[in-house]
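Scroll down for the structure; my scribbles are underneath it.
The first chain written gets the first letter, and so on, giving A, B, C, D, E and F; residue counts start at 1 in each chain.
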Amino acid sequence: MSDIVNDFNAYRSKMNAEIMADNNKVIKRIFNLDTNAYAPGALDVKTKELLGLVASTVLRCDDCVKYHLESSHKAGLSKAEVVEALSIATLIGGTIVIPHLRRAYEFWDALENQK
Amino acid sequence: MSDIVNDFNAYRSKMNAEIMADNNKVIKRIFNLDTNAYAPGALDVKTKELLGLVASTVLRCDDCVKYHLESSHKAGLSKAEVVEALSIATLIGGTIVIPHLRRAYEFWDALENQK
Amino acid sequence: MSDIVNDFNAYRSKMNAEIMADNNKVIKRIFNLDTNAYAPGALDVKTKELLGLVASTVLRCDDCVKYHLESSHKAGLSKAEVVEALSIATLIGGTIVIPHLRRAYEFWDALENQK
Amino acid sequence: MSDIVNDFNAYRSKMNAEIMADNNKVIKRIFNLDTNAYAPGALDVKTKELLGLVASTVLRCDDCVKYHLESSHKAGLSKAEVVEALSIATLIGGTIVIPHLRRAYEFWDALENQK
Amino acid sequence: MSDIVNDFNAYRSKMNAEIMADNNKVIKRIFNLDTNAYAPGALDVKTKELLGLVASTVLRCDDCVKYHLESSHKAGLSKAEVVEALSIATLIGGTIVIPHLRRAYEFWDALENQK
Amino acid sequence: MSDIVNDFNAYRSKMNAEIMADNNKVIKRIFNLDTNAYAPGALDVKTKELLGLVASTVLRCDDCVKYHLESSHKAGLSKAEVVEALSIATLIGGTIVIPHLRRAYEFWDALENQK
């Protein structure tokens, strides 16, 4: 079941390495910003991960949702907290969000079943 | 050929059941509204299904398109009616809709070839 | 109250004339297609107008919504039919559609109060 | 300066009243859900307001941003917290978010200068 | 006629200054990237401005379109080149782009009539 | 490695043929416009392909990105030019574009490794 986690991370790492090696300055800085923006500041890491998750969900980006689900899991957020965030995303984004909600539930289960 | 219909429905049913079992009140009510909104009212079921289809198409949600193609098929809409609705979606949404149009044609064929 | 209708149409006509006079072939053909696509075919004019309205609403294009509200009004659609179409758009598109729903209600009122 | 707050709320209240009076069941239930979804649960009100704010910002809905800025202000969130949430929205949503960021800053100032 | 240019630039400058003064690191870096990305590189400035214009148009961000129209004008692009880029944006993005096309034509005229 | 190119083109050709055979006038004209819009005019073919690529990328349409990557490759654009265009798309569209950037890099590699 957790293969969808491993597959996602393997492809992501491989292609990120290729993009970084290509050395485009604008893209590299955006990647760096992506790392920095979720560091603790006025808001803590858990809140920031939920913000990233909800933004990714309403924009209907499955890979971004997976990334933030995994970061949320690592940050110690509970399923109840994650689902409540996803419910707000579904209300704001409408029923077109539902297919992404299905895949989010599947990916969260895979994260919890990982060893 | 109709495997894409069965696969879609099997995954959809499995994950919807999991989401419903999780019992988030906001999500459950949105699912219920989704059922009610397409019931006959001032507009008949066929018209409502076409509205759902066109909205799903311009928002480029393949799973939503599949869902409404199947409901449209069950409601007795003809391919000519469905394609005319899709043509309006393509004009409004532009050529980025075309990849979704390809998959819609493929799925409609699968629906017609189902036994 | 119906000033918002007149203002919309005056600006729209003026700028459309300027765009047409500029004579870009691709843009002109898209404008022509826009006229043809809503002519009666497998679907009648009323259904097509509602399709255009719902697509415009979920894509959150206020000017497109106004245009299709006026065409829907001219095609003889009732407020009950238009609102039911808008309710499907709100469900599919989510609560971000609500500000556009407010402006749609305001514009429909202006259409009904026109002399 | 706080006129943009009053104008927004006056129009919003007037049109919401008209929509509610029209009594469409689907739309009414979505409005009700909108109230319930931001009540405290697994997540507290402040976190939920920031989720609504970020979702509204990446979807580039100025009226939704204004609504959540005002709710965030009422919930006692600081400008530093709100801006950090907006910075994540700008990174995820890209530079097309910047015009909405400008209007968000202007509206927040108006909220702080209200009497 | 060129008031729409001056109004746009005055508001943009005032709010950008306020955002920069607020000193959020992520937002400041995105603003800096925005300046750097359009500098000549493998592609020349004119091509890059057209890329920014088309991206802004299909994403239907009027303020972004205005900004890139002004930069395109300053970079010495002709109306014929700009309109051809806009025609591609209209084809890809569909008829929902048309209201933004109207405002783009109006703004370009204002740029040409500026003293 | 170039299988992703062949698979994409085979499916695209098969479904385009089916859509054309279905003979919907609006859809056929949009397909024709799609061919004409990228012909040389005030702008040359290379510039137009980059415009199509950037529009497809910010709208996050993987199939459209693949199509324009292949056309860009055929038109003789270099990887450096294509990547610079993609960097502008990533800045404008935000980090949600990154998953599409990964797939664009993979597809470009496949195009270069084709025989």
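Here, contacts are C-beta pairs under 8 Å (C-beta built on N, C-alpha and C of every residue); 3 or more make two chains touch, one makes a residue touch a chain.
Nothing here was measured: the structure is a model prediction, and the numbers come from that model.
Undergrad: So which chains count as neighbours of both chain A and chain E?
TA: Under the touch definition, chain A and chain E have B, C, D, F as mutual neighbours.
Undergrad: Taking contact as defined at the start, I'd like the list of chains shared as neighbours by chain B and chain D.
TA: A, C, E, F
Undergrad: Between C-D and E-F, which chain pair is linked by more C-beta pairs in contact?
TA: E-F
Undergrad: Hey, which chain ends up farthest from chain A, C-alpha centres compared?
TA: The most distant chain relative to chain A turns out to be C.
Undergrad: Under the over-half criterion for shared residue numbers, do copies chain B and chain F use the same patch or different patches to meet?
TA: Different, since under half the interface numbering is common to both chains.
Undergrad: If every chain is reduced to the average of its C-alpha atoms, which one ends up farthest from chain D?
TA: Most distant chain from chain D: F.
Undergrad: For the sequence-identical pair chain D and chain E, what is the superposition rotation angle on Cα atoms, to the nearest 5 degrees?
TA: When the C-alpha atoms are superposed, chain D turns by 120 degrees onto chain E.
Undergrad: Using mean CA coordinates as chain centres, what's the gap between chain C and chain E in Å?
TA: Centre separation, chain C to chain E: 27 Å.
Undergrad: For chain B and chain C, let me know how many angstrom lie between their CA-based centres, rounded off.
TA: Those two chain centres are 23 Å apart.
Undergrad: Just give me the whole-number Å value for how far the CA centre of chain C lies from that of chain F.
TA: Averaging C-alpha atoms per chain gives centres 31 Å apart.
Undergrad: Where does chain B touch two or more other chains at once, residue-wise?
TA: 25-26, 30, 33-34, 37, 55-56, 58-59, 64, 83-84, 87-88, 90-93, 95-96
Undergrad: Spell out the residues on chain D that touch chain F in their complex, using ranges where they run on.
TA: 58, 90-97
Undergrad: Can you name the residues of chain F that touch chain E in the complex?
TA: 30, 33-34, 37-38, 41-43, 47-48, 50-52, 54-59, 64, 78, 80-81, 83-85, 87-89, 91-93
Undergrad: Spell out the part of chain B that touches chain F in their complex, as residue ranges.
TA: Touching chain F: residues 60, 83-84, 86-88, 90-91, 95-96, 98-99, 101-103, 105-106, 109 of chain B.
Undergrad: Across the complex, what residues on chain B touch chain D?
TA: 25-26, 29-30, 33, 36-37
Undergrad: Using the touch definition from the top, list the residues of chain F that touch chain B in their complex.
TA: 11-12, 15-16, 18-19, 22, 24-27, 30-31, 34, 55-56, 59, 61-64
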